[in-house]
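Shared between the two complexes below is subunit A, which pairs with subunit B and subunit C, respectively.
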Partner chain A sequence: MASTISAGRYVGQAVKRLEDPRLLSGHGRYVDDVQLPGMLHVAFVRSNVARGTIVSIDTSAALALPGVRAIYTGADLNPRVGMFWHTMMGPPPELGGQTPYAPLTPLAGGDVRFVGDPIVLIIAENRYIAEDAADLVEVEIDVQQAIVGWETAIDTDQRVHPGTTTNVGQEFPLPEGPEVDALFAGAPHVFTRRFSQCRATNVPMEPRGIIVHYDQYVGDLQIWAATQSVSEWKATSSRLTGVPEHRVKVVANDVGGGFGQKMMMTRDEAAVVMAAHLFGEAPIKWTEDRRESLMAANQGREEIIDVTFAVTDEGVLLGAKVFFWEDIGAYPASAGSTAGMAGAVFPGPYKFPVVLPGGSSVYTNTVGKAAYRGPWMMETVAREQMMDHIAYELGIDPIEIRRRNVIHADDLPYTTCTTMVYESVTPSETLEQALEMLDVAAFRTMQADARAEGRLLGLGVAIYIEPSAVAFGILSSDQAIMRMDNSGKVIVAMSTGNHGQSLETTIPQIVAEHLGCNIEDVLLVQGNTESSPTGPGTGGSRSAVVAGGAAMTAALKMKDKIVQIAAHMLEASPDDMEVTAGVVSVKGTPAKALPFAMIAPIAYQMPEMLPPGMEMGLEVTARFQPAGQYTWSNATHVCTVEIDPETGMTKILRYIVSEDCGRMVNPMVVEGQIAGGVVQGIGGVLFENMIYDEDGNPLATTFLDYLIPTAPEVPDIEVGHIVTLAPGQTGFKGMGEGGAIAAPPCLANAIHDALRHLGVHPTAFPLGPSQLLTMMNEAKQA
Partner chain B sequence: MKPSSFNYHAPTRVEEATALLAEHGDGAKVLAGGQSLVPMLSLRLASFEHLVDLNKVEGLSAIERVNGHLRVGAIVRQAVAEHSADVAASVPLLSKALPHIGHFQIRNRGTVGGSIAHADPASELPAVALALDATIEAAGPGGTRKIAAADFFVSTWQTALADDEILSAVEFPVWGPGSGFAVEELTRRHGDFALAGAVVGVQVSGDTVTKATIGLFGVGPTPLRASAAEAALLSGADAAEAGKVAASHISPVDDIHASGAYRTQVTAVIVRRAIEAALKEARS
Partner chain C sequence: MSDEVVVKLNVNGRDHKVLVEPRKLLSDVLREDLHLTGTHVGCEHGACGACTVMVDGAAVRACLLFAVQVDGSKVVTVEGVTPTDGTLNPFQQAMQDCHGLQCGFCTPGFVVSMTSYLDDNPNPTDDDLKIALSGNLCRCTGYRGIINAARTAAGLPVPANAADGSDH
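So, the complex of A and B:
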């Protein structure tokens, strides 16, 4: 099908975003913008200690406050829960599934397990009163020593979840055996490092938010939510409340970012659903404020990775052992380790003969772990830093060691040692393109000149292969429900969500391209379970691949029917028709033509004019399932930095990305996704650190302390493109997470390059000024 | 993040404002630009029964030359002072410090007087006031009094103002020819509070430094004067030596952004850089 792929009238063009006039002028409609008659407001009383037993809860003073309508504790809501699990993850073992879950309850039960744990839910006439009431609730807690840090959690006999036998959520043991020992014993060089990255949080611009109205007379549960997946919210709400799923309606209008945090319903949101179901009288709204978002919304990234590489004298990889430790907090979205995924993709762009992965996820008395843009990305963080550490150990240039191990075009199709199959990837090509964009020789000269003056410049490289559009369970497919209305305009309904992926523009681009109409005649309806099909929503770099595939397939089906009708009316063969800009015409005879606006009324109103036997109407559906379990995209990041030797401050000089996401729907959107991910990656190395003290108190609960990069800290991000088509029909590859995956090791490697001649070899994030200056001081003393 | 309820007062005369403060004691708080107070109220880190808004009070928004000083009214917006030719000509150090405060949106609302009265030890303007030996004018029910900046900053967020006083103006001395000024600060990001900061003023006669002032911020419970480093500079020490002397007299604490040891080490660096820049300007 590759012959059908080329830059078209819309696909491949940098079409300006159709949603921007609304969003940029401040007229987006987020959860907090939804105002309903009689709507009431929710505030939570949250734990201010990380671990302890609840002795008493006194709500009497709060209930007496005028304007307070209801107050619920765990004793009110938790016993009413039917089931609390996520469609995407599948049911827990006790219900016949395989997914380990933390013991999820909407509100804290007899004890609290992290600072921010919701204990009491207040419903009041406005948020001010609700917060006043929260101040009046008295909760007495018998405080216990918090379990903070994965090593503590493994060593202690205390349990984050009382009554359980271990603080380990899930464990994949590292393969052992004489063959493994022999491999490493016989290798010319074996190097071991421990890399770690600090905890980060997703920081959506719009925090969590949900409005729930249970109309007890009709029997409908109506929800407006800031979610990445309305299908997930619908099913979860049904399981929670027992309201039959077809009576649950979920709407997500504009959503201000998710980055994984809004894929699955969390406890706070579940508490609002349960409270609304119990309350029954009026819609209730919870808008998470920024302090709650930083203190209580699920977080990501706190990972420690032990890596052992065996290599030849020339730096050729012989094998690797890697063990992933994850601090998953108290109530992660799932207690499962992402080590399975991280291990499977660990070989990345290199020809490893063998990779042996293991991992362990560990509960602590901190906020639970969420998916965060590239949830498995610790493999790239470790692998790409390790390549530089080995290169320096062996006296080989870090670029050269990559060239000796990277997969080339003539290796394809390539099956990795972990059985991943690459048919269409370009790690070598992106590496060379990125290096050419930089001009490595010129930089090395500049670096040497600067070093002679005592200035510290460094160059970092990172390559990765992104497992986009992961296809398992509900994530395996998506559907497009396409209707052409009586006037010839097209509405396509999908399960996707609008939290920054530009689908309102890119899906119409795909439809207009393949149906042959104008883009302004196509409308995407998403984030609404009443009109959209059941599907995975938007996340995991899937929408271009899966939703795009469904939209393209539906458009081709629609086009086929329109062409048949037109051909019948024009007394021509369907094979002789062409479709352009919403007009079907006979090839070579432009006068013999019919616009969609004439064909559509015929399909709906004049059965006698349709080809014999054709069903009336213009409605098609198409469900698309990608060819493989992963659709691989890839990129190489290169950056240069200057570090102030006296202060440890890092300035990024240039940041370059060469990427291959296959056929691009909209290059501007691709570059925007890359830039956003890179900025998050920069944040994870230089600025962002969601740190806890030894008692489990979060120390970065405002933007004064949780530092996300702002415009002056971010360099121009230069992007180069290499286009090879994904296997299968569409040629699209997902690329939403890659920027955030490769940027951290790329930046860390640049810092390493700037400092290594001083004896500084960083392995742990953050690499802020204080950390770098301390390492420089220590190296000087050593 | 909703504040608890409070009574809002918007007096138009200084006497009215101070009378309200006298009436409500420590249950009242003065509101100027609101860039520090309002977030604290919204986070419920502070709550007051009464807010006395100075924004409508007459006579607090002038910038004028008075007796060899530049008098800046309490509610002069930081952005106004930043772009004032009078400020740039008379008190260049203030002009140079202002752009370091937060972001321009914050400076559009934030006031010069509010920043000094808030007395955040990591803020620029308290250090400028201290370094320049500014005089703080305090208005109370009994009239006004003048407080030397050296006596004004008591501890973190604590000043010599009484509960019933407002800061009505700040008078900055105007330095003569041959002067140079510089601000150096280290922040994690553009607009953040300083990990360590220095403001420096020098006056030279030929190769001799005849006057020197060094204010430090972000490295103690109040803005600090690096008096020993000033003395060293006047005795002929070079910038690097003076920087080391300044660092040897401070003992900043750790926080999640930097250790105390880091702040001490980089204070020597930024003081040196600020002195070098100020000397360069003075000699140009």
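So, the complex of A and C:
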């Protein structure tokens, strides 16, 4: 589908990725690929029970094993911690901040709080020996009944974190609203539902990994890590160890996915940092194996959402109350809860007169909650399913009820009842484009014909508005440090933490477009605290917006200086110059031209030839702050499914996305991000379920139990584009998370449509074959 | 435990002799002893396919084999399926053209699996390709670009609605 804004030479083009030849030929450089002289290897002893008091730890047999170099317990490492908090979230209350962190220690202290809790850290000559030693450590635990499930955690007088007074991590009480209560009391219809998402996990294909070397003679702490943000990890490591921040160096080369899991330094990684700082002798490496990753790396999504909607007879929304319950495990990344954000964006694409949101996040004896691609997306999961439930209650088509409530172009600018301001969003336009791509009438005919044969087809729709590039605190800005070297080539250093987002291509696209050079003459340098500026890294659908804005601003500044030098040399006015493919020329007089390769040496070596008063050199910096606290993008997802009545298996027939991410840097990359997010969303509905038994044992610790989608299960994903520019100078909107936000309710709605005539009205994920068969059988017996 | 054995391997056309413990995985020997770090370890239980290499012409999981088991064999890794003249092989090139990779971690496994598969099965159907791809896990791409790359390399049509990469 064509966009309405013409592409530039690079921006808007499906430029092939510059990083691909390296990655396709096996010459990427991920953290586990790094081998350092004298490097030693780490393995953890982890708790095999979810809750209990540590009675004793005997490491003597392990220490006696040849090749074992050091063994540390919580008693060794935890007291050495200076502070353990994250720049993005700010300090905890006891240090003057507001973020209610779980009581974080690198290793378990006197007790264990989930299966996988790290108790002992072993350093050995290789990983085989380290794991042998782990088997020889004897840990005696006085086992207590685990607190599993948010309702149990609320009801019990036992505490996940001993010594605390509650298992509630954060609470946002539902606001008092007597006028809302009156509105609900007088509304023609009030409907209430409880929706839930099962626990899912990020599953980057590269698990966590870190190498740390504390050179006690130099005083430097050097870290190589699989992280989305080297700046965040530098600051966290400094606070942990007390090594001054400017003596901490963090490098992330290629990073194999993260989806939020690699944003904040977790306890395991902090333990490696603390161990290396104490050990001092040699670099130590920890590479997580998949069992550890599925058992002990932070997870996402386990949420219950209670919603009540008041509507008219025609399905026009009058108001909503929504309450988010989150199971945040024992040690969530950051503070765990996203209810504040979810409540703020709950109105999404619809004209709600009022929404009252509240939430409660609850500690349990399970793995902590992670940010996972659209961490607040429970609002879209609940709202978009609720729209269908209401539509069926009122006998209105789910598409029609959306049309009656969706924000239109002539509503803009629109301020939601939760005070979010939309200036350029297109929920209505994307809805219509997606429906046109499907051909709804043709599908309804096919559906009716199929149903006559006993076949179960369904159609689902979901609309959302994505709060991309959230800008507060450290997230407010990004910087580009750009220099042109003597030969006219450009290096741009940024704080981004590329882990699959194609920034090695898209940032050079932006620079080459706005500087006016060839893309092969631009190199992005990132993931290295020695060369990259301070910033929040890559996450939260921010890099195109904020890093892209910085790259564009720096390129324009660089261009301005180059043009001034060239104009001075050519005795022309800067206003009469044009820049194309690395050559500055006088408009209409192509013979009067200077390539960058001739201008750059003048800037560095011939001050007498520069315009009077101009500073030598070609280095510029630009720090970019987006126009608003949110840069809103939006999309509509539509899918069709067929469910096998015998097996309960769902087959996705078509999957369509119409999206508006503003001015696209690279449509190929945009579509790649959408497809990846959609399939993660599909996984969360049909396949993925991180379940625990009542004793807190995780039951899906291999890829044979925790099922992520594979190639035969995914449909061809069709993408349409609507382009409206974001407010501000760049026009870019972020879109990295959206696919994963809308896909779950879209797919759930399609399943609902396929089964509702049987009396099946799903509200809880997963919706795998066994769940659907159970619901169909129960409906039949009812 | 420490009784090391000599293992002879021909890897990517070059003969190697390594002294390793019998329990050392082929994936670890390739990565640590031979410094061929393109073979990635994603699960160590044979499920994700990132470590796929060819042993005597067959695509296998290097994390499920001890190096000693393939003593005397010819091993080809992702580095070895890549042309030496700076170009990419047809499936690799299709992966770039169709945006078949994002973070790139699973990519070597897909490249070796599909290079091997297409060598053995030059005329697959669309369903054949998806089944052939089903032994490798990817978490970034949603398989859209990978499936289209496989179609392209196999000469099958690619759906019109996909932004293909262009050279600049």
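As a working rule, the second predicted complex is superposed on the first by the 774 of 782 C-alpha atoms of A that agree within 3 Å, B and C clash if a C-alpha of one lies under 4 Å from a C-alpha of the other, contacts with A are read in each partner's own complex, and residues count from 1 in each chain.
By our rule, contacts are C-beta pairs under 8 Å (C-beta built on N, C-alpha and C of every residue); 3 or more make two chains touch, one makes a residue touch a chain.
Owing to the predicted nature of the structure, the values given are computational and were not obtained by experimental measurement.
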Determine, under the contact definition given at the top, whether A:E646 touches first (subunit B), second (subunit C), both, or neither.
first
Tell me the contact category for A:G256 with respect to subunit B and subunit C: first, second, both or neither.
second
Going by the contact rule set out at the top, does A:L24 touch subunit B (first), subunit C (second), both, or neither?
second
In the superposed arrangement, does A:I119 touch subunit B (first), subunit C (second), both or neither?
neither
Can you tell me whether subunit B or subunit C touches more residues on subunit A?
C
Check whether A:V461 is in contact with subunit B, with subunit C, with both or with neither, and answer first, second, both or neither.
neither
Applying the document's definition of touch, where does A:L317 land relative to subunit B and subunit C: first, second, both, or neither?
neither
Looking at A:A675 after the superposition, I want to know if it touches subunit B, subunit C, both of them or none. Which is it: first, second, both, neither?
second
In the overlaid three-chain picture, which partner chain does A:I741 touch, first (subunit B) or second (subunit C), both, or neither?
neither
According to the stated criteria, A:Y128 is in contact with first (subunit B), second (subunit C), both, or neither; which is it?
both
Do any residues of subunit A touch both subunit B and subunit C, and if so, which are they?
128, 132, 289-291, 702, 704, 709-712
Interface residues, subunit B side, partner subunit A - complex:
1-5, 39, 43-44, 186, 188-193, 195, 256-259, 261-262, 265-266, 269-270
Taking the touch rule as given, give the residues of subunit C at its contact with subunit A in the complex, in rising order.
1-2, 21, 23-24, 31-32, 35-45, 47-48, 50, 77-79, 82, 88, 92, 95-97, 99, 101-108, 111, 127, 130-131, 133-134, 136-147, 159, 161-168
Subunit C touches which residues of subunit A in the complex?
1, 10, 13-17, 19-21, 23-30, 32-33, 35, 66, 128, 132, 202-207, 254-257, 259, 287, 289-291, 499-502, 518-520, 667-673, 675-680, 702-704, 708-712, 714, 716-719, 739
Which residues of subunit A touch subunit B once you look at their complex with the stated criterion?
127-128, 131-132, 135, 289-291, 646-649, 687, 689, 691, 699-700, 702, 704-705, 707, 709-713, 768-770, 773-774, 777
